[in-house]
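Presented sequentially are two complexes of chain A, the first with chain B as partner and the second with chain C.
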Partner chain A sequence: MAGFAAVLRKDLRLELRGGESLVALVALSLLILVVMVFALDPAGGVRDAATAAGALWVALILAGVIGSSRVLLAERDNGCIRALIASPLDRGALYWAKLTAAFIFMAIAEAAAIVLMVLFFNLDFDWRLMRMAPVIALGALGFAALATLLAAITGRVRAGDMLLPLLAIPLFVPALIAGVKASGAALAGAPFAAIAQWLKILVAFDVLFVSAGSLLFEYVIGEE
Partner chain B sequence: MTDAAPIAARGLFKSFGAAPVLRGVDLTVAAGFAALIIGRNGAGKSTLLRILAGLWSPDDGAALLFGEPSAALPPAARRRVGLVTHQSFLYPNLTARENLEFFCALYGVAGAPEQIARWLERVGLAVAADDRVRGFSRGMEQRLTLARALIHRPAALLMDEPFAALDAEGVAMAAALIGEALAGGCAIVLTAHQPLAIAKLEFALYEIVRGRLVARPADGGAEPRGAIDPRQPAA
Partner chain C sequence: MNKIANLWLGGLTGVLMTAAIYMTFVYVPTEADQGIVQRIFYFHVPCAWVAFGAFGLVAIAGIFYLWLGQPVWDDLGYAAAEIGMVFCTLVLVTGSIWAKPIWSTWWTWDSRLTTTLILWLLYGGYLMLRAMADDTPQVARFAAVIGIVAAADVPVVIVSVRLWRTIHPAVLVTRQGGHGLEDPRMVATLLVALAAFTALFLWLLMLRFATLRMRARLGAIARGLNLAQAAAGDL
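Entry: the complex of A and B
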């Protein structure tokens, strides 16, 4: 537990000073949303909830590939991953610390992206956004778990940064479909039952990849 | 706890592609002794140290720390190992004090604030304690690296060119720290490109020649005090 807290505190402190992950996440989300707005409806005007939800999730995935894996890849870039592996730190604690940091960064970036989505797609700041909170939180957790595990694997090979999206995006497709459908339903004001069926898929995805990460991380992070 | 040698290698082989780097390296370093391993660039010194530290696996043979395979060392044993490599393992955006705080937390160092202040003083970085490492010179980084590797009082110390980038005062300081560790019963393996002539420090001298570890009497004379037969059993 002390190791988990130390690594997480260090990552958050470094992020507050450097801001690499958050800046990448928010900036890329902004750019993708802007591109999507112009691509989908250059003339402007009101957009529908499903389109807004789709654009939001595209932004989150592409930004998340770059941003959420930075917390682990940065350790490899500066060589400090070797110190962590050689230290008494339990590798399970390292996984949970990296996953927690990635989740926090993604959650903050998603909050910013939702604000941008509302502005760009002429939506309202109302109660429907609150109904998106569990959808977005589950999506962020699932993607952070997937990206943390895959970053541990791809970080060991050349051009791992390029390989990460090639692996992460196809694997995230089930959660992406569920997330878009649930977000669209939430934004359209559909009954909770319509959202819940998709939430179940997101929960299953999260359980699968958080479990896989906690079981496999110590083996894939292993030798440098 | 066993009475196994803190650091041992048994028939280590390692190749990169078709190029063999280590070809049957045997080494035992008992508590309170130091082995200095020299060799040309690319001789395999850093490879040997990384294998001993458990960062790389050998193709064949065994690297042992406290009698256990270094790649599968339990956390309690890893707590007793200090490591200095070509990379400092320091976070540039943290201050010197914050870096040591982080490693103290990882290694469970008791009385960390006092220890950190003491070690920053020892390595001559007290005045730069709250400066970020990214602004440090290479020599200052190396001083902080030594503090990072020694602050938890390791019983086995693996040091890849620990005197690199240090000025004369820094070399004397590092030698004093290594001497203290030796006097405290720490087993040490150091690497260098050539034999070190540092007052008050005695090493068993070895050279990696074509992948094999060869004992070299210091200054062409007798084995220095503390020399260890590389074929000596680990336990």
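Entry: the complex of A and C
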């Protein structure tokens, strides 16, 4: 637990003291939403809630692919990863720390993206967003869990940057389907019961990938 | 590789496949509603069966590789993934050929089609990793992890895709399998085709596995030679 807190604190401090990941992540989310507005040309209003939710999830995936791998790849510079592996730190704790850092960065970027989505798609700031928040949080957690495990792999393969989305996006499909549906319904003002079944899928996905990551991380990190 | 096993499995595949082709094109009656194109069903379903089985084998081999660390499990997983990919492609292609006259579209986002496509993409990623990376124990571990994670993802994919399509009005959801096979000759043809494709899969798997084992041995010999040469150069 102490190791987990130490690594997480280090990552957050690094970001606060002039790390660019978060700024880049928010800027990327902004750009993707702008692209989606040009691509889809929404008329605005609640009628376009599903479109807005779709655009938000595209932003989440693309920002996630680029952002969540940064947290782990930053350790490559100066061979920090070797020091981490050589330390008595438990590999599972390392995974949890990296996952938590990636999740925090993604969650901040998503919060910014939600605000931008409301502005760009002419929606309202109201209780509907609160209902959508847990959906986005679960999606970001699932993606962070998945991408942290995969980034440990693709970070050590030639052209791994290209490989990460090829592996991560198909694996993320169930959470994407559930997330888009639940966000769209929440934005359109559907009752909680209507999104409950999608939330169940998201929770199942998160549980699956967080446990798979904790169990399998030690096999992908470590000996060269 | 065991020559006798190769001969037996190859012969068995040949006999069963000939029987399956004869039964599909001559023996089995033409389906009343769909006509001649329904016969592709006897190839389509066995391909799906082989593809799913092969991908299951990838995950099992991955678990054993991580557990025991023996390279044979890695080679088995690699061979199964390659062959599974071929049959998964065949499932999508034969399905499209059938769907065009029956559903009058090549593709529809029906739950089973979508699931198969996702599966195809998942194992495409797995094979991309293997193609782009070198043949090291580290990459073997990576591949094993991805094989396991992909298989674990499949049930969630199936559930979510099914919900996605039942909530949404789908234009075409009825499938051939839904009707049931009324004629016992249809059942017999399907069973023979399943046996034929299973034998074909096992034969291909054995050949590919043996090739990969041989390549590993060749690599070991080459490394040994290099070492010997370097040692000789030092003298």
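We take it that the second predicted complex is superposed on the first by the 215 of 224 C-alpha atoms of A that agree within 3 Å, B and C clash if a C-alpha of one lies under 4 Å from a C-alpha of the other, contacts with A are read in each partner's own complex, and residues count from 1 in each chain.
Basically, a residue touches a chain if its C-beta (ideal position, glycine included) is under 8 Å from a C-beta of that chain, and two chains touch if they have at least 3 such contacts.
Quantities reported herein were computed from a predicted structural model and do not represent experimental measurements.
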Combined model on chain A: chain C and chain B, fit or clash: fit
Spatial angle chain C-chain A-chain B, Cα centroids [nearest 10 degrees]: 90
Contacts of A:207 with chain B and chain C, given as first, second, both or neither: neither
Which partner, chain B or chain C, touches more chain A residues: C
Touched partner set for A:78, first chain B, second chain C, both or neither: first
First, second, both or neither for A:5, with chain B first and chain C second: first
Touching partner for A:90 - first (chain B), second (chain C), both, neither: first
Partner chain(s) touched by A:13 [first = chain B, second = chain C, both, neither]: first
Touched partner set for A:115, first chain B, second chain C, both or neither: neither
Touched partner set for A:157, first chain B, second chain C, both or neither: second
After fitting on chain A: smallest Cα gap, chain B-chain C, Å: 5
Chain B/chain C common contact set on chain A: 223-224
Sites on chain A touched by chain C in the complex: 149-150, 153-154, 156-159, 163, 166-167, 169-171, 173-175, 177-178, 181, 197-198, 201, 204-205, 208-209, 212, 216, 219-220, 223-224
Residues of chain A that touch chain B when the two form their complex: 2-3, 5-6, 10, 13-14, 17-18, 78-80, 82-90, 223-224
Chain C to chain A touching residues, read off their complex: 66, 118, 121-122, 124-126, 128-129, 132-133, 138-139, 141-142, 144-146, 148-150, 152-153, 156-157, 159-161, 163-164, 167
Residues of chain B defined as touching chain A within the complex: 50, 53-57, 71, 75-76, 78-79, 81, 83, 85, 87-94, 98, 102-103, 105-108
